[in-house]
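Please read the structure below before turning to the comments.
Chain nomenclature is as follows: A, B and C, assigned in order of appearance, with residue numbering initiated at 1 for each chain independently.
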Amino acid sequence: MNNVSRRRFLKITGAGASVAATAGVLGSLPGLRAAKGPVEKGIRTVPTFCDLCFWKCNAIATVKDGVLWKIEGNPEDPLSRGRLCPRGTGGVGAHFDTDRLRAPLLRASVRGEEKWTEVTWDEALGHVAEKMLKIKAEYGPEAVALFSHGIGGTFLKHTLKAFGSPNSAAPSYAQCRGPRDAGFELTFGEAIGSPERTDIQNARCLVLIGSHLGENMHNTQVQEFADAIGSGATIIVADPRFSIAASKAKHYLPIKPGTDIALLLAWMNVLVGEGLYDKEYVAAHGFGFEAFASEVLPFTPEWAYPETGIEPDVIRETAREMARHRPATLVHPGRHATWYGDDAQRGRAIALLNALLGSWGRKGGFYQPASMNVPAYPYPPYPKPARGKVDNPDHRYPFASEAITTGIREATITGKPYPVKGWVVYATNLIQALPNEAETIRAIQALDLLVVVDVVGSEIAGWADVVLPEATYLERYEELNVELFREPFVALRQPVVEPTADQKPNWWIARELAVKLGLGAFYPWKTIEEYLDHRLKGAGLSLAVLQKKGLVSAPRPPIYYEEGVPPQFATPSKKIEFYSVQLKDKGFDPVPRFKRPAAGPPGSFRLLFGRAPVHTFSRTQTNPVLAQAMSENEVWLNADEAERAGLRTGDRVRLRNQDGVLSNPIKLKATQAIRADCVYLVHGFGHTAKGLRRALGKGASDAQLVTRYETDPLMGGTGMNVNFVTLEREA
Amino acid sequence: MSPVFSEFVTTAHSPATDPRLHVWGYEIPVYLFLGGFTAGIMVLSGWALWRGRRNPRPHPTFSLASSGLFMLGLATISLGMLALFLDLGHKAYVWRLYLTMKPWSPMSWGSWILLLVYPVLAAAVLLEPPARLVRLIPSIGPLSQRLADDMRVRRALGFVSMVTGIGLGIYTGILLSALGARPLWSSGLLGPLFLASGLSSSAAFAHWASPEPEERRQMAWLDNLFLVIELALIGMLLIGLASSTEAHAEAARLVLGGPFTAVFWIGVVGLGIVLPLVIQSLAVTQRIIHTPIAPILVMLGGLALRFVIVYAGQYSHWPRLS
Amino acid sequence: MARLGMVIDTRRCVGCMDCVVACKTENQTPEGMNRDWITYATRGRYPRLSMTIQSERCNHCDNPPCVSCCPTGASHVHEWGGFVLVTKEECIGCKACLASCPYDARYLHPDGYADKCTFCIHRVEKGQDPACVSVCPTRCMHFGDLDDPESEVSRLLASRKHHAVLPEAGTKPRIFYLE
């Protein structure tokens, strides 16, 4: 064979391979050819933004001969800089997932049995509206609450507000970011937000407390983390597990779980005691520094050592290292912060440490993000709810700045301060998201109506009365993403391919429901395109421009104090509150104090959980592309402990928690990369929903084992790292 | 508890290579055995031809000098090639083998040698065709008579048969030893070992099936020689591997304490070589009568040798923890 | 004559598997089979540990045993660039190449032929990088001409300590990992 003919063969192979291959794994899944109607030919690219997690990276989807081929990052995107994370890259799988919900479902037997009747949208939404109106008549519209996660909940929030309910919550507050936002609000007057306003790429020293960037795959954070590593920044990691981030660290601190506040206090003690903090910054912007300094005086490294297990000279050395690089020293606030119930104070301790280092508002620390001005759609005013929110009666959690999901749940169970009789749940698997599954089920059983809107039939959908299938992000328009970031931009999500069955976008569901509820006046726009174009025109843009480009950026404004941003703090003292009078007034520690976490039963291990870079919570395990990358989780056990117990990597075990709850079987990973007193697994597996066929029975669920939780008295966050397990070998 | 812990995790789980290579199943050891057996027949009978031996009986038998063994060879090589064909993943393209000759690919050599084996065997059969064949194609009768009477033809054919047989017997070993990624096969002795085993299996068969008593005794003696050579080659193979790099030593350990130890020493060496050696030695020195037991053990042992080498070889690999 | 290869910075790599997922969608590899994979090597005893993460694939070796053992020539070196490729219409599925690769980089496609990483030649021909290199969010992967001393890959190799996988196998791999 001469070279020319071989090359010709290769070209034929290449073309043949792609046609055959698109008919291969993904395309051959039955009945899932994306295009309906005449089959298109050729390559078509469509800009949109990703929905595999909540980062909303801008992406460009490619369709080849009418079949969705691949998704890549939009090079103009400040978030992804043209490169998506593995979940975004695997987003095609969301479209081809054979476990997707296909049509509206009505419960056909008792709750939780997962027996359904397929109905039309008209029937389903009619049923929902009927029940909602019944609840409104009997209990008031406030008795219907919305749980939603992500930008897709926007229109449902609108409908619920139009309905007259003030009750709307996302688990991302009380089960995730809430405590750190509260801690930063109490100190600097502002929350951290998402995407975090962390200037990682310019940090000269990055401190991660339990944050496992690299496994936690928030795209921009990981990209900047790699930049920091590449530029030689000092990485300090405190984590009971030797994470990927820990493997990049100059200093790895094998901290005892639950003792981070002690470490933070000791660091602050060293900085103050040795005069290493940013004196000018503190003098210019601080309030109550002297009182704070005397509060941290007793918390020496020697005091912290027996609590944390970190040697005093390591604490000193790392504190001095942090000071050496200030103000470009970033003590990362983390993201999922609901650990032990004192998490808001831990968030505050991290804020205070940053304040001492002078990193807030400075380059390499925390910048001031900006957003474009895209006016909202002019809706009629919402009706004023007759009663206030139900989740935090009497502000029992005085520093909660967002609604508390578990508060709504509690009200649903107790009927106090008033009954909640209907839940609308959008894109959040409450069974795995909220702690203590038994309480969630008890709440559900007290409801007259549970509606779940989702893409796959997750565990929460299994308990619903009505399940409404949503089209994936690749098949729908969405509310505009007006991002708050270093570079402000507005982004469009638009359909790339047709839905695979009778799935509908969230805006359609919300509008149709509103119409059936008699609230059509709140949806004055005829088409979603009209809505989007109206908003964009208000910003001097248009839908046509966004459809072509995907996003439009504004020039980067000043973001650091060094660039002229005026230091402003929305605190009572209008300064950085080293000492918090408002905390003291409410009976809390004005400066964080350490409380030793309760130990578990002897012979048990503390249950810790975290993230994998190829999955998002419990929502991607049926994505065929991502499931191939990781099909099940493993439980990490210290290798010496495993040897003692006669267990080896690959053995199947079950975890039993302190309340006797037994997990599904899970593979063991005997590793040196974790402390001997805890076990770790990736959250989101151990699915029990029958509709999740690809994920059913794979791995174990940490959420199932979180039967106990510690509620943060400041803001209602639910600390979940307080459960202990023993391991039983699976026969 | 070891002083320094090492943990190696990979996300690679392709079915053919996870956890270890397993691309070849029973088809390949079966082919290797049948190929080796055929090679042995070609060498032994070829030698007989070359030495001018003639079949004293009126019809083909399983004597070295007769065409019966060559006919059996046609059957065994065909079965072997069927096994090879069954193993292929892309069967419709098998003819691609015969559009090219790749000098660095022992498999390419093998595909052509296999092609050559047929005409050689067929020509040898032609020297003493079975009656049924002559009835079918009468012109064969006089042709074969002319060829069989020509000493030069007999000697030439015998020589070609020996050479082809040696090639057939050795190349299968070279084919495996060329795959350096599997350290167990990484020895120049694999070719001679497979040839010796093939010679041994075919000698064993002739010992069992030849109608000439003196020849049976001769074949038992020859088989013993081949068995001893085989033992020696196995010993040298293992010593060579064990004294080479860590990867090779680890491969040798697969049969020296590892998962293949029992089947190798009991099946291949014990039952397949040593026991028949003892039995046949006793038979040769006329302390006991000749029975089929030893030849059957030898042949089963030869098959077992191929299975162990192919399976253990795929299990062996270059370690990754450095 | 261009000799294309990869240089991967293990310091930046976090083992997120984006390269694996991107290859899968770009090349539509069969279910359960991947052309690239990640290895994590952890050493030490808690808490004094180190971890090396590597994104691996076919090394498109300079001395490829998979090419020499192929009886039909289906496995061959491309006329430019040094890509090691398989012409599937010439492959008989004998799997000698799978057995010959010390990196276990090949798999048998369900249709019966041997398959593996192609360095995304269909992208390289258009002036793009392979999909894995283009997607990597930590930008730890680099692709280019190892024979060009001015190329990024050559300059990286000249300036930083690096190694290849199993150099002792003698295959002369063309993927290097910066330490």
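We take it that a residue touches a chain if its C-beta (ideal position, glycine included) is under 8 Å from a C-beta of that chain, and two chains touch if they have at least 3 such contacts.
For clarity, every value in this text was computed on a predicted model and none was experimentally measured.
When every chain is reduced to the mean of its C-alpha atoms, the one closest to the centre of the whole protein set is C.
Counting C-beta pairs in contact across A-C and across A-B gives the higher total for A-C.
Separating the CA-averaged centres of chain B and chain C is a span of 37 Å. For this pair, chain A with chain C, the centres built from the Cα atoms lie 34 Å apart. Here the CA centre of chain A is 63 Å from the CA centre of chain B. Counting only residues that touch two or more partner chains, chain B has 5, 7, 11, 99-100. Among the residues of chain C, those in touch with two or more other chains are 17, 20, 32, 34, 42, 44-45, 73, 88-90, 111. Chain A has residues 1, 629, 671-673 in contact with two or more other chains. Taken together, the chain A residues at the contact with chain B in this complex read 1, 629, 639-640, 643, 671-673. Note for the complex: chain B touches chain C at residues 3-17, 21, 23-24, 87-91, 93-94, 96-97, 99-100, 102, 104-108, 110-111, 175, 178-182, 245, 247, 314, 317-318, 320-321. Of all the residues in chain A, the ones that touch chain C in their complex are 1, 3, 6-7, 9-10, 12-14, 17-18, 20-22, 24-27, 69-73, 80, 83-86, 89-90, 92, 213-215, 217, 219, 222-223, 225-226, 229-230, 242, 244-248, 252, 254, 613-614, 624-626, 628-630, 638, 671-676.
By the touch rule above, chain C contacts chain B in their complex via residues 17, 20, 32-34, 37-45, 56, 65, 68-74, 88-96, 98-102, 104, 106-109, 111-114, 165-166, 168-170.
Residues 9, 11-12, 14-18, 20-22, 24-32, 34, 42, 44-47, 49-51, 53, 73, 76, 78-79, 85, 87-90, 111, 121-122, 131, 134-140 of chain C touch chain A in their complex.
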